[in-house]
Amino acid sequence: MNAATLFGLCGAALVGIGLYGLITNPEPLRKILAFNLLGSGVFLLFGMIARRAAAAGLGGDPVPQAMVITAIVVAFAATAMAIALVQRLADETGRASISSDSSDAVDGEGKS
Amino acid sequence: MPATTVLDATTADGALLVLAIVLPVVGILLSFVLGGRYAERIAGVLLPAGFIVACIIFLKVWQGGEPLIYIVGGWQPPLGITLRADGLSVAMMVAMAIVICLIGVFAHANFGSRAASVETRAPLVFWVMLMAISGAMNMIFLGGDLFTLYVALELLTFAAVPLVCLDGRVETLQAALRYLLFALLGSILYLVGTALLYGSYGTLDIVLMSQRVRLEPATLAAATLMTLGLFAKTALFPLHLWLPPAHAGAPAAASAVLSAVVVKGSFFLIVRLWFDALPGLLSVAASQLIGVLGASAIICGNIVALRQKRLKLLIAYSTVAQIGYLFLMFPLAFSADPSPHHYGDALTAGMLQTISHATAKAAMFMAAGLIYAALGHDRISELGGIARALPMTMFAFGLGGLCLIGLPPTGGFLAKWLLLEATIATAQWWWAIVIIAGGLLTSAYIYIVLSRTMGPPNAPLTLYAAVPKYQEVAALGLACLSVLLGLVALGPIDVLQVGRPEAPMAGLR
Amino acid sequence: MMETYPLLAGALLFPLGMLLACLWPGALLRMPSYLAFAPIPAFAAVLFVADVSPLVVGPPRLHLTFTLDLPGALLLGVAALLWITAGAYASPYLQGRPNRGRFAVCWLAALTGCIGVFLAADMVGFYLFLAMLTLGACGLIIQHETADAWRAGALYIGLGLLAETLLLIAFVLLAADIPGNGLLIADAAAALPTSPHRDLIISLLIAGFGMKAGLVPFHVWMPRAYAAAPTPAAAVLSGAAVKASILGMIRFLPLDTALPHTGTLLAAAGLFAALYGVVIGMTQRRPKVVLAYSSVSQMGFIVAVIGMGMIAGDGRAALAAIFYSANHVLVKGALFLSIGVIAATGRRYLWPMLLPVAIIAVGLGGLPLTGGALAKIVVDGPLGDGAANTVATLSAVGTTLLMLQFVRGLITTVSTDQEATAAPSLFWPWLSTAAASLVVPWALFLAVPEGMLPNPLAPELLWKALFPVLLGAILAAVVWRWVRRLPHIPEGDIVVVLDSCVKIAPAWGKTIEQAEGMLRRWHVAGISLLALTLALGAALLAQ
Amino acid sequence: MSLVMDIWTICAVSAGALFFLAGTVGLLRFPDTLTRLHALTKVDNLGLGLITLGLLPQTSSLLLAVKLVIVWLLVQLSGAVVTQLVAGAIRQHGADG
Amino acid sequence: MSIASVFDIALVALILAIGASTILVRTAFAAVVMFAVYGLLLSIAWVRLHAVDVALTEAAIGGGMTGLLLLGAVARSRSDDVDRVRVGYPVRLAAGGLCALVVAGLAIVVLHPPAAVPTLAPVVMENLPPSGLGNPVAGVLFVFRALDTLLEKVVVLLALLGVWSLAPDRAWGGTPGLQVYAKPDPPLIFLAQLLPPVGIVFGIYMCWVGAKDPGGAFQGGTVLAAMWLLVIVAGLQKAPAISRLWLRGLLIAGPMLFLAIGLAGWVFADAFLAYPEGYAKPLIVAVEATLTLSIAVALAMLAAGPPERAQQQ
């Protein structure tokens, strides 16, 4: 097994860990963390693909590498937005939650 | 020029495609620096301009019968990125541009900023996001590269989420957070797919991909993940958790754009993926599975819509159900005994349904917003008498409802006719039952709402705010569009087939 | 003779134009007074169009075709007459009532739909105008906005849309069978006997049109809808609008091909409805409801004629059914209009008013020299001499009985003011309808070349027509005299079952809503996402 | 010459690593935040310093050597400041373990 | 087994362990700390994958900036009073099982690479010289796939506006919160005075070197943003009000220039986002320099969060 495959497997495992965290963790902040973990797993898959495709004297295929850079930035922007939302929610309610129960209750009552 | 085989070259008028994308981007940047007071003016110029560009592209494609292509930077794929306008793109582009423009007209009442002396929050955010949505949709329709499409998809999400919580109430914040997180999950799954596809084929260009694609585990895994990610973003049942609170909670203009336009972006990508990038790869079993999801969306969404007590939630659940109709095209196009004719028909039906839902749903959300503005609430049981106070609004709502039910001559009728025709031609009668049941359930809740609004008021009706005429006209205009859409059968419907590869009958399966 | 095109186009475009004019508030306000003019071009078209050359609208790929064939012309003519008189009647009826504008809009929509259905020669146009008719009719039914009206409207539109969806499937199936791209009804009907889905299509057509025609057990909407609708609306709905379904059956079903099984079923269903309507109708008190049940019975009878035609593969049954329908259009219209007139008449002037009502009413049962008797003669041939004829006679007896019951019920609604008389603007439209219902059948009957049909003045035929009427009269006397209490059956009889079903529905809805709420929880959605990923992956791998 | 350099590198880097190990043990085992800080700063100073010194002879160019030193200096700076801040925070709010 | 593979395996094990602990630890604070460590480890992984550009980006943004954001959020939310409703054991079991299956599917794909691995590296290298760039990744970002990069900048701007849109109406146009310390801390001020000059030089260097070697606008911009944030946190300078024209101008300068040069390419190099022959490198460097500034401002403002105080007139 070469290094690329190893990191590819690592990426796959991180995807699994991230998915698990995103689904089971009730706290929004931890969900955001899990999302970042998931994202980095995906980026590692890109890295594996780039590394495997090393040619022309380069250590890896620059196209997927460039895509990863773009994707990291996008993921960061997403994280920033999500965190801002969590904080605003925490400021408004004293606790951050996306639990459906509370939102349903609000829906049912109608808007004031 | 790269040494790869030359596939496409920039066609004459291909530059229009760049214009369609650049205009909204310029609008965003200018609004940022000129500030919220000018945002509406900028949008007021650029959105109609975008519509005109879309129309010109539509005409060129329709008359030329050939897709328009633009090679960005002169770099051929697989190295570079192409923009490609085929029949599907141009039809969707024009439709969405109209919807967005009319939503812009409608939104002037709530987000007008021309008279303001200082920049305020909501107008700036709304107009910038509206332009961003228009740009992102154009990018999604024109993009020829799966990764570019990912970026466009994220652009769309980032533009949509702030619209959900524009008024800052707690429940809308919750809805926005939910939406954001689930959409992010969806896009990251999409990204996994692009990674795997690149690993297999060394390109993400859709045309190149369709030529190179093989039936192999990596490709199937990639396709699965991308599809599921896009399902999550399209809110296909049972992944619709974010949609009802987000669409029901947002301000009316935002709800309209979210429900009518935004969910169509990710849906369009699913179509691109299976019909263009990976032609012939969708197995019958998988297409039936997608159909089952669509069918459960129709049944479940409609029933739950029937039970809603608030108008906007009802409309939001109706969106959940209508999204289901979009996915019925997959089992019909990828049936066990395929024929090119039904492949095209199912695709046409799906696209028509997309467009007619866009116009009808935007009109309905606008109408609901006007009712809310006038009454200060949208509880269905207390809507009595509003039809007399706002006849034009209710008329728009009713017309939109007709389109959802699928009565002639609406676009919904034409779409359902084509779908039914395909169910019969491919001997899949079970989808016909779903289509019928869905139509009846839809008519039930439309009837309930209309009967309530036309009935006598429980208490003397007090209107909190006067409803501007032009808002009603915008809603009515969209509703009329949805009704008249059935007339496209008289001509432009053929445009959808422009630039389509032959149905992959001798494909991979 | 005049050009066909402008006449056909005018027949459709004139009411459509009036409908569109209603978008302008000023026109909407005045529209109720001009309703009577809307069908005039259609009537003119019937009188002046000589040939059946079609009017084609739209580009070649997908277009609408209109033509005026004999069945369509017959029905359109009498229907237009009824729409004219009922429109004139509606104008004073509406004075000072709320929602007049809406009434006019719905009236015009229903009228346009009705004319369009009679003229449409292709399936898309037929479907389009049928839908327009349904929507307009629904609007007319809910005019009074009472709870009953809403319920009736819901029932009507629900069944109507269900019927239309069934028809839609049938049309789609038919379209697949038509060679080439055309969607002409005539081609579809010609292709139907050899279609691989023949039985399915025929069942769908019969179910769809049966619902629209009020065939038992789909008749439940009729009593409720006609009882709820304003009088002029009830007149056109029961007279003209409902005939669209008869025309549909005649246009679509392959009557020239003998289909004994389907025909027998259709005939049996029709005859059953013909008797059922009478029996249930007898238990009703309100004149409108009695008339509605009579419509159930009469429509059943017409369907039975078509069914008998199918058994024999005899295309002439179609014309017979159309003739019978044409008579029913005017008679039922006149009877419904009479309800309003009698209600405005004092006891003093009651009898002069009641006499024509009674004649027309009993005419429906086949009173000699009336249109009803002529209609019975016309359909005698297709019905044959077997059991069907016996049932037909029985139904004639029943109809007489029912009509007498109607007249009796009508008397109780007379105005409390002894001296009251109906306003001329109500009276004259009614009287002209009544007169037309007597004259028009004769005119039509005489247009048939001599020798094709027996002489209606022959003594044995007179007797044959008279004895069911007499029997019915005697029966009526017996029932009124000795049967103390008729069982009370709710309006719409078996709809009660439906009502109880509707009561169960919320429980199911609640369950589904709860399940959906469950699915919307974050982790459940996440798990569904994963499960679906695996399922879709597996399905993609499966070859 | 290079052998001497290599031996120096091995010794210095090993010693640095040892200090890191010790520091990590201290971080895990020491009872309160202040003592843990103490362990960490020792490690930062000594461990990183030794490793940097050990690696210096291995550099191929002067620029690289300068970069190494700069990295060391920056870590020193940030470590010192962060330690100060943490300690300050503890003094303000009390140690909470 | 070579030392390198042992190192890789150990690294992967560590990444997975820390990654898993990020999910599994009890408090959000511990999870965030773990995540910062994880980010650094991941950068090393990227170096091992011969993707130094990505490693720098990951360290700067994926680990650094994201960690900073998360840490700030934890510090403010005081995770103790977050509702601690945990999902039930069966749910976790189901989720875990399904995740494992997904991982297994991905692993199968990873372990079965295509027979002929496709690569664009030779094509990139072949077409790179006309642009005058030495760094192939920069070549992809600014030449071949420039449209992606342009759109990505718009994404960042939108995200920033999205964050701002969460401000209460009264605070619109005001200054972001970013009040970690009630009163300035001397050591922090010391750091904030000492570090920025170094950091700014370093950031500019990163941007400059990006044309030839690993580095580039994003990495440089991140360093600049960090310096600015440090200065603001230390209280040496106030966070700018978001309504400031110069702020808005800086934010859009990069994308605007990029777009302008792209449109100029239409005229001078017969394609949108193409560079005229011979001018490619200077143009790209100009774009990169402006983008660095824009990115620095955007990232700093993203980290600073929505405005909280109305602007003092």
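For reference, chains read A, B, C, D and E in written order, and residue numbers begin at 1 within each chain.
FYI, a residue touches a chain if its C-beta (ideal position, glycine included) is under 8 Å from a C-beta of that chain, and two chains touch if they have at least 3 such contacts.
These numbers were taken from a predicted model, which means no experiment stands behind them.
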Interface with more contacting C-beta pairs, comparing C-E to A-E: A-E
Most remote chain, CA-based centroid, reference being chain A: C
Central chain (distance from its CA mean to the mean of all protein CA atoms): B
Most remote chain, CA-based centroid, reference being chain B: D
Euclidean distance of C-alpha centroids - chain A vs chain D, Å: 32
Geometric centre distance via CA averages, chain E-chain D, whole Å: 27
Whole-Å separation of chain centres (CA-atom averages), chain B against chain D: 56
Centre-to-centre distance between chain D and chain C (centres being mean Cα positions), rounded to whole Å: 94
Chain C: positions in contact with at least two other chains: 520-524, 526-527, 530, 533, 537
Multi-partner residues of chain B (each touching 2 or more other chains): 79, 147, 151, 154, 158, 161, 165, 168, 173, 178, 185, 192, 196, 199, 202, 217, 221, 241, 244
Residue list for chain D, restricted to those that touch at least two other chains: none
Which pairs of chains touch, using the document's own definition: A-B, A-C, A-E, B-C, B-E, C-E, D-E
Parts of chain E lying in touch with chain B, wherever the complex brings them together: 105-106, 108-109, 112-114, 117-120, 123-124, 126-127, 143-148, 150-152, 154-155, 157-159, 161-162, 164-169, 172-173, 243, 245, 248-249, 251-252, 255-256, 259, 263, 265-266, 269-274
Residue numbers on chain C that touch chain E, as the complex places them: 523-524, 526-527, 530-531, 533-534, 537
Residues on chain B engaged by chain E in the complex (per definition of touch): 2-4, 10, 15, 18, 22, 25-26, 28-29, 32-33, 35, 70-75, 78-81, 118-122, 124-125, 128-129, 132, 135, 139, 147-148, 151-152, 154-155, 158-159, 161-162, 165-166, 168, 173, 192, 196, 199-203, 216-218, 221-222
Complex contact set, residues of chain B against chain A: 79, 147, 150-151, 154, 157-158, 161, 165, 168-171, 173-178, 180-181, 184-185, 188, 191-192, 194-196, 198-199, 202, 241, 244-245, 248, 309-310, 313, 377-379
Chain E residues within the chain C interface of the complex: 87, 91, 94-95, 98-99, 101-102, 105
